[in-house]
Amino acid sequence: MLSYLVRRIVLLVFVLFGVSIITFTLMHVIPGDHARLVAIYRWGYDDFSSQELSVVRREIGADMPVWRQYAWWLGHVARGDLGYSFVTKRPVTAEILARVPATLELAVAGFLLTVLIAVPLGIACARRPSSWFDNLVMTGSLVGVAMPNFWLGLLLILIFSLTLNLLPVAGGGGPAHLILPAVTLGAGMAAVSTRIVRASLLEVLEQDYITMARIKGLGEGAVLWRHALRNALIPVVTVLGLQFNHLIGGTVIVENVFGRPGVGQLIVEAIESRDLPVLQGGVLFLAFCFALVNLLIDLSYAFLDPRIRYGGSDG
Amino acid sequence: MLRRYLLLAVILCGLILAGCGKQEPGTTTGNQAERNADRVLVIGERDPIRALDNGFLLVEKTHIAETLLRMGEDYRLEPLLATSWKQVDANTWEFILRDGVKFHDGSALTAAVVVRALDRALGDNPRAKDLTKIASLNAADEKTLRVVTAKPNMLLPEALAGADFCVLSPASYNDRGELVRPIGTGPFRFASWDQATGQVTVERSPDYWGPAPGLDKMVFRPIPDANTRALALEKGEIDFTFDLPYGEIARLQKVPGVRVELYAEPRIYRLEMNMSRATFSDLKVRQALNYAIDRAGIVKSVLHGCGEATIGPFMHDTPWCNEAVENMYRYDPEKARSLLGEAGWVDKDGDGIREKNGKPFSITIMTWASRPGMPPMAEALQAQFREVGIKAQVQILEYGAIYDRVKQGDWDMVLASFQTSDPHRYLASVYGSKGSQNVAKYKNKQVDSLIDEAAATADPDKRYGIYREIQTIVTKDTPVINIACYRMAVGMRDYVKGFKFNPNAHDLHTNPEMTVEKRP
Amino acid sequence: MHETVTVFRTAFPLARLLQGIGRDRASFAGGVVVILLVLVALLAPWLAPHDPVKQNLAHALAPPGGEYPLGTDDMGRCLLSRVLYGTRISLAVGLLVGGLSAVAGTLIGLIAGYYGGFLDEVLMRLTDVLMGLPNLVFILAVVGVLGPGLGNTILALVALGWLHFARVVRGSVLSLKESEFVLAARALGFSGPRIMVRHILPNVLGPVVVLATFDIPHTILAVAGLSFLGLGVQPPTPEWGAMLNAARPYMRTYPLLMITPGLMIFLTVLAFNLVGNGLRDALDPRRSRILDGVGG
């Protein structure tokens, strides 16, 4: 268990290291002098001297060879210092943290919705495969998977806000503001997840120990709950791990559709205003969250299934 | 195990609810009752509020801070924090401060505090020094501010009326000099700023020196998307907003409880060109582009009538506008084609795009999206240029990003919108060879000397005559192409009263006299 | 000698895949729609009543009917023509990205799996890192730095697209490497590249085709999403996501502008997913882990 944990954390560090190299490289493929760009944003185009430029160069570490620049930058990142926004001149870390609540709210709500839809429907379908209900749900999930979330969001606004006048349209705010974005985000993920919950349950139900349980005379409900479901939860968690990728991508789109001031919207705004430090910081931040959640999901296997003991063998 | 899973779900639910719980009062429709009790105005802001350190936000929008003087609607200076001012000698000015003015934290307005505030404004902005030519500032006594300029500057009082020179208490800043809590002298005091949403709330200052404002509270809620602003207004989530999408105006005017007011304002949609590039340094090409633009069609379809086609830069009813230039470039694509042919741009390979010296006429039009008419206008221009054999690409970027590229010389065209209210300032900055908005780097000695001549001419009618002469020259030379005069679409619920549009202020301003009158 | 080797080679199961599709009604329907979309893309110039980028401001926002069967957009461009031409762009980008990713991923997977060792280790750690980034965030980073536009979007999509192919192919190669026919071919002294291409490649083509089929709708969705954010295909190019974005101000007054392109994205993605499902089930009725988590 402990060695597994260590290995996962080593992998996490490795991935983050790679991610940091990618983002650092991206920022340095831009033509032109990075220090000059910072100076232009700070003082205006013609309003700085070469002396001020060299101050900036030292300040952002651009006077060193590239590999040392990277180490220097990484040192700052490790201390939570992501530099300053070109546009607002405030620390990037503060800009990001200010946007986290809106994104977190949306992501958690969308994720919960996914679980609340996918798990019960997946179970119901697996109990009676190929029944009319199963077919209906599976057809619905095909639709859900193919539905572009940005289009779904607009349709929901058109129907529920504009035509039926039930829910608000704009920005962040109370729970009412969260309903449509959460549905938009959760629908596609629920569609995929339902299929996977169903499939993994079906696979488990075919296995020998379930047949044994049935022979022992356990009721169908007991078989499902006490044996099958417990083991099927592992793929469920895996799926939710896989869905986390979609979750992050989805929040970017949904925040844009509904004008929610989240991290995704911050990144889109940073691209429009060429605010590179914010772009870099936002990307790094989301990648970090992604890696962390993946680690947590891996670890949760160990808790969910006591038979799994992560030992020496290659896992 | 399942239990653990459910527990997780419950915890997550709790998190969501906790997250939803913290919202500011007065922001949603649910708080209608509270909004009725207090006179609260919720304003749908067009631009995101990413920082408080912004004179326009502090002075013309939230009315937290005030300047020494104010530019009135008739272009005359009015006293504000300074009750009188005079020029002592060529380079020295004295401003007498108003008695009994207190900052929102109770401290008194003194000349020493004003010196610190103006020093900060000069230090923050390198152009402020150019504009004011201030060499030093000092407090002659408790209530007298003395300003010494490096060169004589007759326009110093006008410059100090600019919002960047607003007076904030030194207590507004932390030890690193960052603005943390704006403390001014205005009719409203700062209440809160949500960094995430950018929402700013101000409340009536109980001991304001002037007339009490008509509202108890103003909430500035950024909704950068014009369409969302229109919907929020329609649904009553906001009470007041600017720059409605033009396609929605006709419909909104019919919505009960909503009022849309259109204000012609001194602001121009113009196409700037990089005359440092050979393509645009050719006068024939610039004139051809002028003929290629169907201004009336753009106003009708892109702006939905919310604007006025124009060839000169000024509103047509101003005394300095030269109406004669309006006949210079009537829409004539045929003429545009022949001018381009004369300039050597011919489509040799038959792909519909003209070439010269083997290079196709292919350009990029950059524009920004916060003004709702600009992206579609750029797209319309793109198609109209295509009709005469010019290939254009449209690129939507933010204002700052666009002018960074302009300053680096890496650009073809920018579709822009700028205020034209002060004819002298506008002509000098756009067409004067040293003008700050002269991105084309246009140089015409005759124009320069006419600008100088106008500056030295006291008689307004004579001066306006010179402005008209300049318009004739620059319209012929056309370093920028004017397209239409702006019209601001202001939307409000019908209970909002007292809004006064000041064409000399920034067009997204509010005024402290505004109020709400709702039936209980 | 050569005769014997050919016997060992397993044929690419194209016939089996097509049969599978034919048997499943849903994927058959999907296949029909895909064929129709391809036809629309090819025949767009003849089907479209107007030039899709030609503005006619005098006819802006015309209602459906008459000269403009679906009406016009805010620039007076024929909506139907734009939607039809949009098929070209979406399919072309989908096929291009799917194809490039498949070729690059298969090649890398073959090499990594067959030769193993240090090269394999490096390539697999690279996939770890790239998979450690959320897809859209990676695309945003690339587009944000290199600038919005279709070219950079395709670049970013291919940079991510090859990962799945490489992993799946590598996995297959690892198991095939020990199979009798490869061992036999090796014993006969055939070169590595020859064994990879003639003996291993045909056996991994099945999963590769299935993956590619799912990659097309993924790409179409990603490009449309990015264009919707204003960062992908730029106007006036008739790309469905960009059209949706442009239709936002007219959502209420001219909902057709928003409904039509969205519907086209939805139908296209659905059709490709159905075909992909059919292919996968035909190839792998018991759904081995290889294609887990792929598609719907």
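A, B and C label the chains in the order they appear, each numbered from 1.
To be clear about the criterion, a residue touches a chain if its C-beta (ideal position, glycine included) is under 8 Å from a C-beta of that chain, and two chains touch if they have at least 3 such contacts.
Because the structure is predicted, anything quoted here is derived from the model rather than measured.
Interface comparison, B-C against A-B: more C-beta pairs in contact at A-B. Among the chains in view, A has its Cα centre nearest the centre of the complete protein Cα set.
If you average the Cα atoms of chain A and of chain C, the two centres end up 22 Å apart.
Inter-chain spacing, taken between the CA centroids of chain B and chain C, is 45 Å. Averaging C-alpha coordinates per chain places the centre of chain A 38 Å away from that of chain B. Residues of chain C in contact with at least two other chains: 148, 230, 248, 251-252. Of all residues in chain B, those that touch two or more other chains are 225, 231, 396. Each of the following residues of chain A touches two or more other chains: 157, 162, 272. In the complex of the two chains, the chain C residues touching chain A come out as 26, 125-126, 128-130, 132-138, 140-146, 148, 217, 221, 224-225, 228-231, 241, 244, 248, 251-252, 255, 258-259, 262, 265-267, 269-270, 273-274, 287, 293, 295-296.
Contact residues of chain B toward chain A in the complex are 1-2, 4-5, 9, 12-13, 15-17, 19-20, 23, 27-30, 44, 48, 50-51, 126-127, 195-198, 221-225, 228-229, 231-232, 235, 237-238, 369, 396-398, 400-401, 404, 407-408.
Against chain B, the residues of chain C that register as touching in their complex are 53-55, 57-58, 60-61, 74-76, 148, 230, 234-236, 248-253. Of all residues in chain B, those touching chain C in their complex are 225-227, 231, 245, 247-248, 251, 294, 297-298, 300-302, 372, 376, 379-380, 382-384, 386, 393-396.
Against chain B, the residues of chain A that register as touching in their complex are 40-41, 43-47, 86-90, 94-95, 98-99, 101-102, 104-105, 108-109, 111-112, 115-116, 157, 161-162, 165, 168-178, 225, 229-230, 233, 259, 261, 269, 272-274, 303-305.
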